[in-house]
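Input: structures, listed below.
Common to both upcoming complexes is subunit A, partnered first by subunit B, then by subunit C.
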Partner chain A sequence: MSLTLEKITKVVDGELHINDVNLNFEPGSFNVLLGRTLAGKTTLMRLMAGLEKPTSGRVLMNGADMTGVPVRQRNVSMVYQQFINYPNLSVYDNIASPLRLAGDDKQTIDRKVRETAEILRIENFLTRMPLELSGGQQQRTAMARALIKDADLILFDEPLVNLDYKLREELRQEMRELFKVRNTIAVYATTEPNEALALGGTTTVLHEGRSIQYGETAEVYNFPDTVACAELFSEPPLNLTKGEISDSEVTLDQATHFPLNADLAGLGRGNYIFGVRPSHLALFPVNEDDLEISVRVELAEISGSETFLHVRNKHLSLVLHLTGIYQYEVDASIKVYMPTHKIFVFDEDGKILKVPTRLPIVNQAGQISGGVQHG
Partner chain B sequence: MSTKTLNSSNDFAQAAKKNKGIALPFTKGQFGMVCYLLFVLVPIYWLLNMSFKTNQEILGGLSLFPQNFTLDNYRVIFTDPTWYNGYLNSIYYVSLNTVISLLVALPAAYAFSRYKFVGDKHLFFWLLTNRMSPPAVFLLPFFQLYSSVGLFDTHIAVALAHCLFNVPLAVWILEGFMSGVPKEIDETAYIDGYSFPHFFAKIFLPMIRSGIGVTAFFCFMFSWVELLLARTLTSIDAKPIGAVMTRTITASGVDWGVLAAAGCLTIVPGVLVIWFVRNHVAKGFALGRV
Partner chain C sequence: MNKVENNKAWFLVLPVFLLVAFSAVVPLMTVVNYSVQDIFDATNRYFVGVEWFKEVLRDPRLHDSLIRQFIFSFCVLLIEVPLGICVALMMPKEGRWSALCLILLAIPLLIPWNVVGTIWQIFGRADIGLMGYYLNAMGIDYNYAGNSGDAWATVLLMDVWHWTSLIALLCYSGLRAIPDAYYQAARIDRASGWAIFRYIQLPKLQSVLLIGILLRFMDSFMIYTEPFVLTGGGPGNSTTFLSQTLTTMAIGQFDLGRAGAFSLIYFLIILLVSWLLYTAMTHVEKGE
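What follows is the complex of A and B.
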């Protein structure tokens, strides 16, 4: 089963929610929809499921037009951000309900329910009512109900958002395992770049109702097409600043200069948008061509064992993503180092011109490997 | 005055505690509650009291409890068909009205809670305005209409007339309960393969069952206590108990004892219904915008 969206547009109350989206999902693929809230992720999924009709465009399943077919007659399942179960049915009956409605016989249903419950590790709670379970278990129940029928298309609408951090990691890991063996199309919506990277597969970046980039997750991460995509697929967002390249040097925001290096030389004179990932900025010089910038600390945001250091000077406002915990007084004067060979360059309309080539590349499993040359 | 009583009793309780270590059998709050119930229940007690008295005793003077205890008044009601038919008629049209109101209001409330359509908010408010007009306004049109279509003096006539104020109420309460159920449950059901009627009966109704209970209670109560429409739209065959009770006023005076007994029996259905929904009523007030 392959799923194709053809020129899908959705207008609600005169507002464009989905704007001319074309996508193609292969059978057995795991697809991430990445975008901020209100980017259209949920609407797009509802269109795929058939819960809503597109204003124009077609939804094709294996080449057959399914646009007007109601959801009941499609073979899809969906897991919501909220924990949606039937509160008046036991966990067992919840999981069994799609099979019962399909008219399977009792033994098959029983076997499948127990199998699925075991995979999701809720086999001990089958007799309970959903509301007696913890959030994680409730969501597992919802996932079990989605997985038990061999749906052609499984949609996950930010299913892990309402769970605590530990559970999220755990379930995310399990999801990847679950879908390795299945021949269904999984679509997973998320706002978190890190989640997209951890899940792998392919990623579609949605921005204001448009699909702005589509490709293998790592590919999209490493080689963003546009400023919007680079910003979206980076947590905290990419540091961006306007600047200028002259014959001999690069000027960031009219004030910070560094000599033109080999990486940026090919671009020619002109105005550009420069971007650097927060994780590439450092407190100590690493390479000889690092640019030293004097800044003042605005805020040191400590999140677990990581620190997001917000700094600024007269012209630049930067965020550093540091491993480890760093305590800084507000307004402390420090120096940060920007690696001039790890700079993304976009033209003034936001199209990518230069992806840094000496960058460590994030591979499909989310691990960072050594520098890979990219043409 | 009651505050003063409260304080002094409290002082007394504390003094008793200090001096002899004897606590009163109730706290200040309980004392207040007892007083409150006493005042509320006095009229009802008086009704009950009267229903066990003879007419001579009722008219004879003040007595706190029946001197000549008698069940004759009740015997009259349970043996005279004009009396007990009054109860049966009332119960019949009230039940009919409750069922009709629920059957009409459930789909309507579902539509209001789930779908957007032109003028939905206005329509929803308009429903409520039906409750604002006094039933007397509709008396004449109802009477004329029912007479001309041959519905006069039937149970269904009263049941339908009472829908005037019960259906809006039921829609209003049920909509509150239904909106408390996330829309995603409906969608999940369709995704799982439920048809709409199947989903509605198997999943949705059980989820709002306390709302249905509360709605049924309110419909029952409002229909039970309504007298004007019920009396005007009936003459003999469907005469409600409220109208029958006026029978006690005759040329020879008022039959106080029978009237009191009838009054006591009129309270019973309400008490029974409230007993069944007692756990849900508070929820109904919170969710159901009553």
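What follows is the complex of A and C.
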């Protein structure tokens, strides 16, 4: 079963919620919808499910037009941000409910319920009521209900948001395993770039109701088409600054200069937008041609065992993503280093012109291919 | 760890203790005081123990009005709860119409009991009442003052008119609290309208229904003003409920000892039935 969206547009009360979206999901694929809140992720999923009709455009399944077909006549399931279960049915009955409504016989139901419960590791809680379970177990129950149907399309609308960090990692890992063997299309909406990267598959980046980029998750991450996409698919967001390339040097924000290198020479003179990932900035020079920038510390934000160091000088404002915990006093004068070959360059309209040299892929035999190693 | 006893801490609970004592315990004790004595005047009083209780429990007047009371409360719950749920389900979910519905529903709740009685007393009269007149004009022999069946129907109808709104409003707020995702999930599951009601809405309404049923039970079990104004308990004793029997005993006959015993029994019955209802419904909630 493949799913195709053709020129889907949705207008609600004169407001454009989904703007001309074209997508094609392969059978058995795992697809991430990445976008901020209100980017249109949920609306798009509702359109895919048939919970809503598009204002214009077509939804095709296996090539057949399903646009006007109501959700009751489709074979889809959905898992929500809230833990949605029937409150007064046991976990067993909850998981069994889609099959009972479909009219399956008792033995099949029993076998499938136990199978699915085992996959999601809730087989010991089958007699409990949903509200007696922890959040993670409740969401596993909801997921079991979605999985047991053998739906053609399974939609996950930020299912892990309400769970704690540890559980989220665990369930995320399991979901990847779960869908490797299935022939369903899974669509997973999230606001977190890191979650998209962890889930893999393909990623569609949604921005203000538009699909601004679509492709394999790692490809989209490494080769963003636009400033918007690069910003969205980076946590913390990409450092962006305006700048200028002249015959011999590059100027960032009128003040920070570095000599033009071979990477950037091909772009020609003119005004550009430059971007660098927070994780590519360093506190020590790594390469000979790293650009040294003097800055003052604004804030050292510690998250887990990582530090987001916010720094600025008169012209530039940067965020560094550092591994390890760094403690800086506010206003401390430090130097940061920017690897000039790891800079994204966009034109003034935000279209990508140059991405940093790609990281190499190492295969099982240890052979290195694709990209050049720096430093 | 050594446990330190601080007796001064008792002073902290003193205000609450005093409040409860004066609001509940002291008045109740007055009743208890009357119920165990035969009092003629300030100097003539005799301790009679549980005599009054024995007498009251054997009193056929009380038996009759107790049975009437149970039937009445049962009918009230049987009609008002399903009707209230239906009204809540049919109300528009949002917008101007829902606000209008809410206001219309709230109107009966704002009318004082004796006014409600008066409204229905006039409304049902065969000579000048809108309902009474037209019922008779249609050939139905309707007379709440003469026919006990008609009296019962009118008292019930009056209570339904007065109080169904309460259940409807409670249920409406309960229904609005159900996230839309539940309905979507049900549609995706291909659940029928009945299944949505049975497995999503009803379970989610359980806690507000528990409160609604308890309130309606206690209130209907203590009903006094409305039937008193409408029928005065008649024809005969057919609409004389417990509280009216009690009032007649206490004020009409000034039989305070007997009335005191009666009050305590009345109170215990309400407490017991409320407890039973509460226990039963919380068990249902747990799915037992």
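Definition applied: the second predicted complex is superposed on the first by the 357 of 375 C-alpha atoms of A that agree within 3 Å, B and C clash if a C-alpha of one lies under 4 Å from a C-alpha of the other, contacts with A are read in each partner's own complex, and residues count from 1 in each chain.
In this section, a contact is a pair of C-beta atoms (placed from the backbone, for glycine too) under 8 Å apart; a residue touches a chain by one contact, two chains touch by 3 or more.
From a predicted model like this one, the values you see are computed outputs, not experimental measurements.
Visitor: After aligning the two structures on subunit A, examine subunit B and subunit C and state clash or fit.
Guide: Aligned on subunit A, subunit B and subunit C clash with each other.
Visitor: Looking at A:340, would you say it contacts subunit B, subunit C, both, or neither? Reply first, second, both or neither.
Guide: Once the two structures are laid over each other on A, A:340 reaches no partner at all.
Visitor: With both complexes superposed on chain A, which partner does A:84 reach: first (subunit B), second (subunit C), both or neither?
Guide: After superposing on A, A:84 lies in contact with both subunit B and subunit C.
Visitor: A:97 in the overlay: touching subunit B, subunit C, both, or neither? Say first, second, both or neither.
Guide: So A:97 meets both subunit B and subunit C here.
Visitor: Now for A:138: first (subunit B), second (subunit C), both, or neither, which partner does it touch?
Guide: In the superposition, A:138 touches no partner, neither subunit B nor subunit C.
Visitor: Subunit A residues touched by both subunit B and subunit C?
Guide: On subunit A, the overlap between the subunit B and subunit C contacts is residues 49, 51, 71-72, 76-78, 80, 82, 84, 86-89, 97-98, 101-102, 145.
Visitor: Quick one: which bits of subunit A touch subunit C in the complex? Just the residue numbers, please.
Guide: My answer: residues 46, 49, 51, 71-72, 76-78, 80-82, 84, 86-90, 97-98, 101-102, 129, 145.
Visitor: Inside the complex, what are the residues of subunit C that reach subunit A?
Guide: By the definition above, subunit C touches subunit A via 179, 181-182, 184-185, 187-191, 195, 199-200, 203-204, 206, 285-287.
Visitor: Which residues, counting only subunit B, touch subunit A once they are in their complex?
Guide: Subunit B reaches subunit A through residues 182, 184-185, 187-195, 203, 206-207.
Visitor: Mind listing the subunit A positions that touch subunit B in their complex?
Guide: Touch list, subunit A to subunit B: 49, 51, 70-72, 76-78, 80, 82, 84, 86-89, 97-98, 101-102, 142, 145, 149.
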